[in-house]
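This structure is in structure tokens; I'll ask about it shortly.
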């Protein structure tokens, strides 16, 4: 259920939104790798809730406690387990919901799958809170990748109808990428970011929510990772990206736009540059035949709008099997996309480090 | 590399475009299931090359020989292996290409990954020909699903700029779906299909190629398949769909469009209908929280334009590390999308039967 | 490294002997299963150290804290994580050993594998302490099996040269099996047990250690579990049993003795008994062709003597690459076999429940 | 069912004894490795039936046809598939057996598992014939290991009560090992071999069969392969060895004998020899803490006597649910052990190459 099985890396994510803790075990990281726990914490803070008016009012420090796998801030070869305790839990908010499934949520499908035994409090194992341990694992991977000169950066490509400018698929300036990591609202265009913020607040005030697209750029990746058919890099990345709650679409390079291009337009011409084989455009998004070609990796993940909204919605009572209405209490992000940016980076880091090892 | 590992089903695909054969081994199908080999052949014929002016001139009968796993046209519980011999092979067409990688192809990345030992003839293990054994496996799965009243149908959603009407996410008439399977050009709108055919011929004449989108609709799937996080149905399907050569994007339900919707618009209201829980719209595409909700499954796969084009393109000589040009000889589809329709159905059948078992 | 991947059950074990904690995550248990935490604790106490003069002086309460997966003492379908904190840790005992590997231990091989970054304190991830989380997972599985009328019981078949009587492969009286679970020294013959105790104390006084054999009997298992070749029940059980530190041999039914039997002697005749197919002897140990045949499962695991002994032994200094001697301080069992009995039961429960689901 | 999933190597075995063919697909071998097909054939001939009076009268050439993965006698990186057609098939011999399961065989358990749909002809997927494709895969691996200076040799350790001398766990002379590979009856002592032959013939004349033990010695393996717990080398090897039909026990180094040794006796002292860490004895069989220590690997597999015997045995009629007798027609080895020797080598090669890659 919550197991990522890579070639070398294996990640097990556990916890529920209102269980004593969430956490993860990752194994397969090489022994002897230094881990900078402060850098990790800064990464986790990008995802942590409660930062501002645009996100949920639930406040969690998201401070992992490492139970194993580290010795003197280095990996020791044993599986690394980290636990984040759940503190600010208000389970009572959810009591009324066990009978009336929230539209757009996993309430009903979890009920069918687990026969009523599921932990529905706070979304249980389906909660966005599960991305905290994902970010612990991915944050560790990002540090190993960085030492291997591979960098992964994501930005908000769009929220609702507001678009940031796309990444240049041939690469971005280092400075622009650094800014993304520090920004409260990671967009390339400051104006777009400000407008997105306004739209999110507006939606929140209307008891509604917004979706958006996160775009990710990976540079420094060597050619030769992945393989044909079921070993393709797109498939590996997509499988992991769809594990992020609310993701409904993933595409690479020109992606869905490629479908309306001609071959002569889409094919990236090869060239030689400083003794390296490169392509002069990057519609492929860095992947040919399922294998990295040495160009920047570019992909996008589409997030649906947060299903939890204050507006009244139509649902049913499962016990009485009749129509009723529901309005979702609890504390929710009116738009998960800003907090999803580091999650996308984390998932990409996990998959790509696994391929690299 | 070519292994699909489901929960119950395991598929191993083997062969290269110009090797003695391509084939597959699938295990995990229940014992005692009848297999209709004629129905399977009709399914394979939908993918087979050489049908008309719109596809490659290579002609292969695509007739599988079953080496194991069947006894008196029933599964016997042992792994099923089927082999399709490669006959109409013209390896000479490819000799010049070993030094000059074709833009948009896996030539260069395979060279990096396999260090020059790869079988480059006809695209080797990266060839679209590998979808023939995929269709053998998927065709078997489709028969088992059909007996369990689950039907899978795909159509050409678009080719280049020409669009077919989308599937009704609440379901389609049985008759329309039947016609899709028999049509040489599987579109819901006959006019759209005719126009697509004209555009493909035009591209071919210009030495160019087209991409497109295949959309798939699955009905009869029970609620409760899949799970949260890495067990999500979207991730499982996407991982397998990206194994199809040329796929660069996959989305579910409203998909990328969901990113610009509001929660109040995207959330599908629950209702009770004939004693069943249903939703009154289907933006979720039949999946909530990674788990099927009993509504029709709807997803799309975007195919890039065929990279092999007659037009001259810029490439490099790997031995001389200098710029040169290449024009791709050989026999290629100017657009793989029509033949990809049954492949998408096959891959969906494989994943969904695996989830169901 | 520490991942058990069954068909349905997945177990991840983490921790090191002197890390903050050891623990496990198990997923795939059905939702809604009641868990009796007191019964689990009684099971864990059978393995826990510090019980008497025959085992290590290290005292750990081995009380798991469940972080996830349980709701009101029932499984909720999410992965179950339990953590056992390490308290009584004396890492200083091990400081001298990093340069001089202990004979019979993993010190040297861990050094090679992890390049000196391993956590060597208390045996790190190679410690017998890792069997505590194995027993948490297995103890849960035993409860589910019991409800399905499958019982698993092990006894000490031998320690050094002292032998207990073997299990009757056709089954044992319920009462005898119950006594095994409560006995401080689980043997079928009380005299054999008493003699084993004397020999262990004697070995301890001499600064030496003993090995032994644990035998396991499983009743109530239905016919049809397992499969041919790599799916064989023997292979699945053996793979997991060899994960227990110190196991160097595993055999099933007549096992190694079968090698000197004739077919006419070894083959178990079939018979009909109360409308069931049975065999009138059980040399097969309940498995034919890798598949359970409905008769009791019988197997043995051979444990080498504890490598940590007070006696002076020859070793080398890794830094100076010259011969030296070592005597192992720390607190160790002079014989791990008595405490290994519940571990064997736990591992068997894990594998068999996985096959059953 | 028939899938071996290593870290890097994946083997899929298919076929039934009387299906059109048996075969295998192996993937994960590095690209560019030369394959000597004549050497492979010599290896396969060591297992092939029909060689002499001691084995089954069924004659099969066991000549694999490679369908994919090789290009000019080198691996090309794609999965390698080889097929061995079944020719000398006498299915009629088995018709009477569908109702009366043979004692010691998988007839009954296959019936339960596959509900009567199994292919029972010649043992179907449970037949010793399935070891032919295992040997194709293992034979390829042996060639790669040999080039890496790792050699794997097995001998008949015992048949019935007749014992060959054991391997010297510190290593054997190259010449003695070479002779094993060429011998019709691979024993270290020629006299023991001759006596074994006599006993087999005698058992055959009496309508009976014999079991035995195969011992394997691996030299040249570097230290550091394997890992703790479920990654242990013993567990990986055992899981694969138990996939060989008729294996009922596996042990490593001193194995079951270790259980009656003292720590001071069993522990292998470390020493320095030519700048290498070695041990001065090898009771560990080359594995400490689940990880290879650079010493020769030594292990044994116990084979039960062939269940198919001419002597009349008690069985039951499944249709009438009453006692009856059965005498097994067909052509069978009175002792599978001599032909099992290369199979053990093949399986060891598969596991060890996988660990090495």
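First chain written, first letter: the chains are A, B, C and D, and each begins at residue 1.
Just so it is clear, a contact is a pair of C-beta atoms (placed from the backbone, for glycine too) under 8 Å apart; a residue touches a chain by one contact, two chains touch by 3 or more.
Here the structure is a predicted model, which is why all the values come from computation and not from measurement.
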Skipping subunit C, the chains still linked by touching group as one piece
With chain centres defined as mean CA positions, report which chain is farthest from subunit C.
B
At what distance in angstrom does the C-alpha mean of subunit D lie from that of subunit A?
47
Separation of the C-alpha centres, subunit B versus subunit D, in whole Å, is 39
Can you give the whole-Å distance between the Cα centres of subunit C and subunit D?
27
Residues of subunit C that touch two or more other chains sit at 1-3, 13, 78, 110, 113, 125, 228
Residues of subunit C touching subunit A in their complex?
1-3, 5, 10, 12-16, 19-23, 25, 27-28, 31-32, 65-69, 71, 74-81, 83, 110, 113-119, 124-125
In the complex, the residues of subunit A that touch subunit B are 1-4, 13, 101, 103-106, 108-110, 112-113, 125-126, 130, 158, 160-161, 203, 207-213, 223-224, 226-232, 234-236, 238-243, 245, 247-256, 258-272, 275, 277, 279-280, 283-285, 288-294, 302-309, 311, 313-316, 318, 321-323
